[in-house]
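After this come two complexes, each holding chain A, first together with chain B and then together with chain C.
== the complex of A and B ==
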């Protein structure tokens, strides 16, 4: 289509108006990957508010932020991994494992066999460490054994799920059995009739921190480089293996925080918590404009993607539609997002 | 190199044996009389490749197939079956679907039981989608007992050992009517699915409405009743149904569903939940919304797990119908063992004569005269008799 030098020519061409309107949109979306999810989110908010005015009430908006908190937090980890052209199907299983470790270690009920009664801060720390370890196992298998991330995490999804059930006897730990520190993420701060969950604040802080890290640190730049073209990254002196491994470890850490947030969110630690969360995070990241082929995407996009998933579900529920229609809508959004990504990527061709 | 070749051959052999056994199993389940010996033959052929060999003919082998292996209810069921199996010398295989809705997982387990030539199956059927597989098992000579959840229609299995879920729902509905004592009922219903009709789901949910004295129209369909009108049990009064939300019967689903319902109408004062984990999620959402559970709003449920009846004592659930999964499973194992040893099959004992009733108790700290569907006991009694 165009010669190799067109990358620089494109910019000049754009400013000189030598492009069709479609091409201009394509270039703009390529440069700002979070633009399309932002538009989708705004359109969805407006439509749902028009269908049911209750949708836009502060009470419902606080429900939406609360429902986003787990998907959103895990989406940070998933984004980092997908940026390296990887994928983590085990992320939900790691989260459940982490929360069961925390809850069981901190258990205060005397009636239980797995009663360790550790101080809550220690239980949480060990739970997060368990998640980091799980992430490190994924990273080790992917980097050292050179296995595809899809296969590794498909396997560890089963492994971590089974470990949780074996170690913790498939028992749900109820809220009253746990010390308050474990449930602190679920505490709501009232701002008028809007309620801000502590977990939501933590999620937003994590987004801010990792957005900074991705943009401003060499580690962040290396993640993009490895995802974009591992050979080129290696040739320019980046240790792709070290970067990949560290990404899975960091993802494990974020997932551990997610586990803590999840306990706060549901007020319980259940081994059969939210089985669809793996795919929900991937959905959020993909809708958020991050390319599954790696090297392109932003965290702000993933945050928007997570909100879109929740807003669509909540909005359709308030519009009176059954579960099946919500699932249908999300499915269509994913396909649309990937199709859009493919089209945007042609800018480079 | 040689290593790799041998390994290749081993794989080929295993694959061949596996394929053969699947084909034979399919044949044996497709037809009836002639192929019965084929199933054990297939298992024997596959035995060197598989980790576990088929049970010797002398021992009675039974499969327990639950919906999942994490719900404490099914864990209790597995414990009950294991204890009974150990006591009566039955070779027990325990399996389950991966989660609510995993029909395929259950079907595979049923086919395994047929292939191994077991004496019988205890199953909590996921949905009507497993009916065909159950029929194949019975055609192959296995005695099939449905535990907890009857099949639809009920005669797909030989007999059902169950809680009367409709009656369990009715009891909490009657309790609610008594508690409201004429006040308007603004109802949230948190069910498993709202786009699929599963018997445990519609039976409890419609049972609840029936107990309340609402015209439920078709008892096998949820959501076909008028969304507002009058309930007739006890003092009677107006009702309004705010929502019918799918929760997947877990905490997160319960919380999310309750939040959606509160967005639709913040004045909800009655919350029906499919089970206690769902009720815990709903309770968290209600508390976060500033409601006092037990005063502004009544949460009712069905199950009677230990955590659930402790919640009745603590006040986050007002009434729950307790059932007895341990008993279902142990009685089931014993029944199959008895039949295999030449004894008579069990007979139905329920009020409607359709299944073997393992009983239900309404657990509440605040008994109501309106409750006739089940005996009422306080939380401590239920804690002492709880599973999980």
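== the complex of A and C ==
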């Protein structure tokens, strides 16, 4: 019958009132989670430019944006999912599936068995729908069967990869075989000696749109709430299942756009495309300051994170270092980012 | 003291609620009556089914059997949103606030305000400015506006301040009934006094309150009637005037039983 924990508030107030410089940094990073990736990116750019002046030539910077575009686009989808405390290991497989659907449906070469010759816009639409469907399957398994996202997407990673190989016979479709609309994302617009790919513009537009959605709409707020504390969100009247399912569907849509960009970026559609893309997107999101435990993070952080991954790879290559060192550097960055996140989370009073 | 019988129908009435969790029986035919304009305290030992009972009323749990009527109409709440739409607001023991969101977002969580016109309808843009000004106004009106900034995330708040946010949310949006589950458990003396004052203010505005508490002095300070829960059922309903704290504890533990004619099963307070 006694009053427990009396005076809790005053103690906390005193604690918050007196901050050491370290605590101030902690609180600032907590409030602006994209600050740390911004600092890392700027420092990396400066160092690499000092090591090798070629690094900041417009040609190389164009190359960096082109290298970033697919990771960056998929990182949007990955961010939405990780904000809900989920993870998508199948995102690369969905992208490959989507691009193979697009390329095969639009194929006009008469020699091919999977020759549908659909109009390119229809092929692209169906490809994006296929990605949405794949995302919906992930969402269904996670929401309806209450399976952990890690396990579900680990499974669907294999399923979608196999499906792609079974349906499309492991055949790479070369650029000349495809109509131009499929490759439009790879068209470069010249700004001086800097080349801006259409896909990069699309990626930046997607970032802008989804930053707005996350910050300024109910759905965005609910994504944070569901990732933060699903029980609290449910008791607050949010349908956590509906939010989760919709996130995987929207992620599928973004991945579909990513598939289209990928065709433009590489100029071909290969069923064996880039197996590292799954982990690269997760790396970008984590380096970007989004918490793997959900509820905290920003899209701008993920964009910076995607650039960091590419800039470090590119910069170290230009500095003459072996591929192994680049992989090592990315690994260290990921661990540092997660350690930083753990430290920042302790700010909770 | 005989209970004055007023010709009043209960605002909220539960009959024979049963809720089991596997082999554990949370509620075993529990009844509850809440009359307009009163503060009903629900007390009971740990595991007596207090929280389970109010979770059924709040829509957070669905009872196995039994019925809940609100204003004479039978209601089946499948989720908290259903109860909220009927004007029932609940402050759960776990508070149900989202730590990473700011105070204003938490206050409006699940019923965000959108901007008027096309921006709100088509682009679904939230009216953050209005939510912030109204949230800070509400907190001040309730006398619990001790936070530095309405844009602070809830995780940076102390336990008492978080409680204040959760209580404010219920007080702002509750239109028929407010349920508070252990609202002072984590609070200091000063904050507890504020919450008790808030409960009295709500009652003076005609808003009925169900208060779950372990704190007997607080219960006796604000309650009109005291519902004693024991072993998943209603053991008795008494008033602070007819029974002492020791009596209530005795009923809670089963050491004492109260004859039905000595109970306060009807309303003791005229709603006006």
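Quick note on the criterion: the second predicted complex is superposed on the first by the 331 of 349 C-alpha atoms of A that agree within 3 Å, B and C clash if a C-alpha of one lies under 4 Å from a C-alpha of the other, contacts with A are read in each partner's own complex, and residues count from 1 in each chain.
As a convention for this text, a contact is a pair of C-beta atoms (placed from the backbone, for glycine too) under 8 Å apart; a residue touches a chain by one contact, two chains touch by 3 or more.
Note that the structure is a prediction, hence the values are computed from the model and not measured.
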Just chain B (first), just chain C (second), both, or neither: which does A:271 touch?
first
Answer with first, second, both or neither: which of chain B and chain C does A:233 touch in the superposed model?
second
Output check: A:165 vs chain B and chain C. Expected answer is one of first, second, both, neither. What do you get?
first
Which bits of chain A are touching chain C when the two form their complex?
1, 3-13, 16, 27, 30-31, 216-219, 221-222, 224-225, 227-229, 231-239, 295-296, 347-349
Once bound in the complex, which stretches of chain C touch chain A?
60, 79-81, 84, 90, 92, 94-101, 105, 109-112, 114, 124-126, 128, 153, 155-161, 184-189, 191-192, 214-217
Residue numbers on chain B that touch chain A, as the complex places them:
68-72, 75, 98-99, 193-195, 245-246, 250-252, 255-256, 259-260, 262-264, 266, 277, 280-281, 283-284, 288-289, 307, 310-311, 314, 388
Touching chain B in the complex: which residues of chain A?
54-55, 57, 59-60, 63, 66-67, 70, 165, 169-172, 174-176, 186, 188, 195, 262, 265-268, 270-275, 314, 317-318, 322-324
